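Two complexes come next, and they have one chain in common, chain A, joined by chain B in the first and chain C in the second.
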Partner chain A sequence: MLQGIGSRGRREIDARRAAPATLTLFLAPALLLYAGFTIYPVIRTFYNSVQTIGPQGQQHFVGFANFSALLQTDFVFWKAVGNTALFTIVATIADVFGGLLLALVLFARAPLAPLLRIVWFTPVLMSYVVVGIIWVWIYDYDWGLANQVLRAIGLGAFEQSWLGDPHTALWSVMATHVWKWLGFNMIIFLAALYALPGEVLGAAELDNCGWAAKLVYIIIPMLRPTVVNLLVLSFIGKMMVFDLIWIMTGGGPLWSTETVSTYVYKRAFDWNTFDLGYPSAVAVLWFIIILAFIVLMTRLLRQHDRLEF
Partner chain B sequence: MNRWFGLRCILAVALLAVMAAPRTAANAEDVTLTVWSHEADEDAKVAFRELAARNLEKAHPGVTVKITWFEKNPLLAALKTALPAGQGPDVLYVEPDWTEYVEAGYLEPLDNLVNWNNIEPWARQVWMHNGKTYGIPQEAYTNEIYYNKDLLKKLGVELPANAQFTQAQFLDLVKKARAAGITPIAQGVGDRPFPGAYIVGEALLRKLGKDDYRKLWTGKLSFEDPRVVEVFKWVKELVDAGAYPKNFMTLKLGESHYYFYTRPLALMLPMGSWYTGRAFVPEDKGGQPKDFPLGIMQFPAMDGGACNQCKTSAIGASFAINAASKHKELAAQFLDAMSTPEMGKMWIETIYLQTGIKADVKQFSGPHAAYFTELMERQKGTDYFIGGPRDLVQGQCKDSFAQVTNSAFPGGLLPVDQAVKMMNAACYKG
Partner chain C sequence: MWRRTPLLLFVLLYTVVSGGPFIWVAVMSVRTTPEIFASPYALPSRFHWEKFVQAWAHSNYSTYFWNSIIVVSTAVVLITIFGAMAAHCLARYRFRGNRPIRFLILSGMILPPQLLILSLFQILLDYHLYNTLTGLILVYVAGHLAMTVYILEGFFAQIPQDLFDAARMDGYGDFEIFWRITLPVGAPALFTTVTLNFIVLWNEFLYAVVLLTEDDKRTLPLGIMHFMGSHQLDVGMVATGLMIAITPVIVLYALFSDTMIRGMTAGAVR
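So, the complex of A and B:
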């Protein structure tokens, strides 16, 4: 191929190609940071997971003992796995499809659409700490907005200690999480909707295609790559959920909102021990599970027939 | 040309690095002593420690004491990562239940470093492990039940002369308060792993006596012991009678204070005597109203209790020296600067709380003198158990203490048999 370019063209390509020293200089900082703050911690976590770390940092190789204890006797871990799975599945579906719904409302130019776009997106800009504190107040039994509204509309019988009851705590945190992230998904979907080829939609309208049919047969199929990406990203994020849970419930009551991430933190920093072996084993196992799910999801949702437009 | 570009970049970066390097030689004699402290939100304690820092700086020109203020959880997270990395401050805030720092060798033994003449021997004892002392005890406290005198009067109940109800009288009081639409106990566990366990913990101490109480929390006595079950049943009666507020599970420590003395008001608030740290600040900063009718009662006497005069006394805020510190002598001088009799007096008079520092305060003055006199009155004839349950439990037992004894059981989420079973599974070592 290059033969056809000629010697002048080759010289131009060579001139654009940086010298190895230059490449190294520009790549080194990023690579060093990546190695120091990502690669090394990951390797170290894998290494620690087969150790018990005693006082003064003394390490003892214990093989798979940490994993064995984790899988066989640790009921809190299994509780955390169950909670994380439920949180991940429900919140992912609610987040992504809720975001799609909101985007469609705006795309259809609903009344007050510009205002609604701002209102729905604002929670995304708020930090988890702020969101968590606001919602803990909203859920408060005595003076919280949720129960006040129920009382005001005559549904006082349904008032709850939303975060204090193991049956409602996880769902309440989930609702807060969805509230925070709906706007993000909405904006992504909205961008994807506006990027859809006008001629396809126009042709559908010429064919007298109704809104519902257009949505089901044209819009959603064309949004499939966006849906898949958001599902995968949302899924990964929720498998690692920590901040909101930690702020709102700390994993309680009775471990009903304990997630794998909060459990790792507790085992690492809240158990009167410096042993990072066991929490590392939890982290490694969870890493493998997340990886497996991502591979599975990507394969299942991969689009075989490429859309052409 | 390109060949030299990379080299020139490397030289330029190196030159910039040299120019930006700190000039260390000029101030080589200056020393900065770093201190990490909890209790950023308690103004009186901040003022106390900052004063000690300034005093040390005056006595040692060229020394700067830099205190970094934390809340407890961020402090713990910072220490747990910094110390194993050989980093961390010269002086650090510690509490007696943080035994892992001692076991891991991150704290310097203080026996030959600080002046122990200014420290109460019983308080020093709390910090002794294998014959060495690792912390300077600053804050001491006892567990008390604070109550609203006016509300008690309104309910037509009189406090016994020894300020201690029987367990039946206490249950009756809770029922009366609830019937009158008053929240009996303004307790919440929204942000702390221990307040919900005050009632059950003190009841267990009185019922079992000091030795068996210690055995219970160190895994040598079963939670299925009939005396323990009896206490749990009594506490369950309190819970079922509506002792705690409906928002018990989410009510935070600061909010529970406000709930007790401002809105909506409650009859009682069981708390360490560090209650004052939040209550005795100006009202606009969340303190109790000036005319608030505050009283102190003993925790109830248990039927057949082995030690109804017993009470938990514990050491809270303490300070230690990082074993990796390069300024151990200076750090010890800072600990001494916080522990003089004058500073002890200041602690009592501005923080209104007991201390492990020897302080000759026989008469109390100031706006809260009556409070401190009453607090001292409640200490008469008391047999102290030094240390709370959280000082004794570890690992799964500590987590279960937080989830079951502190939270789910007083929150009404668990029946007695299940609570006992869960605690036993987590704590009892057979």
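So, the complex of A and C:
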């Protein structure tokens, strides 16, 4: 807040200030691209969501008709919402706590920990296309690894057409998704574990505190902010899940793996209706729901944190 | 020693589960499809390296590969330059509108792709950029600025102000300060964002699948999907194709594993 007080000479060398032209030059490229390819599309999607768009691009204002059709008569949408909710809740919990488990294993001085950390992180770097195709093979009924293993250990009765059966398809894709992202959560937890104050853990050891007690009473409470962050982050990612499902099942069989995102894509580009209005309404509604959850989760979980300390 | 046996078993098991599938694909990539169907999990009896030549030359793999290289490298360079300029401006200067602009850019981090993709399709058609690599590059740059500015701004803000005051005393202009102080001092953060954006864009699928439909414009992920579609039963060739897509990532990972891990997880811890 020096700029008001300083003399003219002081102001000229104040490195915190710059001419408006300079500021504009620094910000212009980013802001122009951002305006043209992010802000404008968002506004246009909101605008499209109250329109019906014909094959030649002619638009008609329909008010909230898209939204009411969506909420009242569209059973595929509701199926997709149910699947996405199940996927989000189960995969988020599995991802975050599975990652914590892996991090604790490495933290407990497993042999070769630095190397294992690198191997275990590998799936995070691979594209959904690569991961998806590999796992389609693993789930293959005839020669896939999943059934081969079951047969080998004498559980041949449990062999499945994993991705072909509506009862197992969603769970199978979920397992692949968790497999891909576990390493990510592990790395974040590992960093948080190494940042824990050594004196506290040392004091616990002096008091003859066992591993389990140390975990429950010291490590987990101190990791709480990390857990909250990862839960929110993972939650957002899973609410938008698209790529892996599109690649592995395309939403089938019988809508059993349809998610909101795959449904938006299908309605827009696969159904040959050319109507971008209706899928825009789905996208807008879903964005509002995600936003509400983000606000709710950060409020609930983080507020609680502040009260505790 | 016995107490640690369950731990060691778990470690061994998870290593096989996380790394095994990639080894399996690597093995299949040098076996022919009849060999694979005879025994899916056997080791290669003879290494069929010629399959790589075949995939590269007889399908459009070389085109997909170079398209990916062009799109990803151009986009990463632009994101880094534009993102660093904006981050420098937001971190260093006090001016009216600083906070609203920061909020506007950073809010891009929570926008679902589905909210953008439908109208981006229309907009690129309007601009005559649909089905062009240029269009995809611009979309990628705009879409990844938010995270990049977020990471860089946090780092740039921690550079001691004295450095900038001294530079100003010595008569450096604003752009000289950016070029000769912020960028060199911020190099580690720049390196992190370059890595992050490179991996994410190299793997990107959704925008590419909507915005590119011509075969000679396809990037690698689309190319593999297309290849998979037309060679459904030729598992051996698809495995070779997958290996071509995986290899650059594996080579980079072997050389820079720590940087890549840091890059992929940057921005997750606040």
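Please note the rule applied: the second predicted complex is superposed on the first by the 284 of 309 C-alpha atoms of A that agree within 3 Å, B and C clash if a C-alpha of one lies under 4 Å from a C-alpha of the other, contacts with A are read in each partner's own complex, and residues count from 1 in each chain.
Just so it is clear, contacts are C-beta pairs under 8 Å (C-beta built on N, C-alpha and C of every residue); 3 or more make two chains touch, one makes a residue touch a chain.
Everything quoted here is computed from the prediction, not taken from an experiment.
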Label the relationship between chain B and chain C on chain A in the superposed model as either fit or clash.
-> clash
Would you sort A:Y139 into first (chain B), second (chain C), both or neither based on which partner it touches?
-> first
For A:G183, decide between first (touching chain B), second (touching chain C), both and neither.
-> second
Classify the contacts of A:L163 with the two partner chains as first (chain B alone), second (chain C alone), both, or neither.
-> first
Using the superposition on chain A described above, determine whether A:Q56 touches chain B (first), chain C (second), both, or neither.
-> first
Please name the chain, chain B or chain C, that touches the greater number of residues in chain A.
-> C
Is A:T273 touching the first partner chain B, the second partner chain C, both, or neither of them?
-> first
After superposition on the shared chain, which partner residues are touched by A:L254: those of chain B (first), chain C (second), both, or neither?
-> first
Once the shared chain is lined up, is A:T122 touching chain B (first), chain C (second), both, or neither of them?
-> second
Should A:L223 be classified as contacting the first partner (chain B), the second (chain C), both, or neither?
-> neither
First, second, both or neither for A:A281, with chain B first and chain C second | neither
Common ground on chain A, meaning residues reached by chain C in one complex and by chain B in the other | 15, 18-20, 22-23, 143, 268-269
Could you please specify the touching residues of chain A with respect to chain B in the complex?
-> 15, 18-25, 55-57, 76, 136, 139-144, 161, 163-166, 250, 252-255, 266, 268-274
Within their complex, chain A touches chain C through residues 3, 13-20, 22-23, 26-27, 29-31, 33-34, 36-42, 44-45, 48, 102, 105, 108, 110-112, 116-130, 133-135, 137-138, 143, 145, 148, 179, 182-184, 187-188, 191-192, 226, 229-230, 233, 236, 239-240, 242-243, 246-247, 260-261, 264-265, 268-269, 276, 279-280, 282-284, 286-287, 290-291, 294
Quick one: in the complex, what on chain C touches chain A?
-> 7-8, 10-11, 14-15, 17-19, 21-22, 24-25, 37, 40-41, 81-83, 85-86, 88-89, 92-95, 101, 104-105, 108, 110-123, 138-139, 141-143, 145-146, 149, 161, 164-165, 167-169, 174-175, 177-178, 199, 202-206, 210, 221, 224-225, 228, 235, 238, 242, 245-246, 249, 253, 257, 260-261, 264-265, 268-270
Would you mind writing out the residues of chain B in touch with chain A in their complex?
-> 2-3, 5-7, 9-10, 13, 76-77, 80, 84, 97-100, 103-105, 189-191, 245-251, 264, 394-396, 398-399, 402-404, 407-408, 411, 413-414
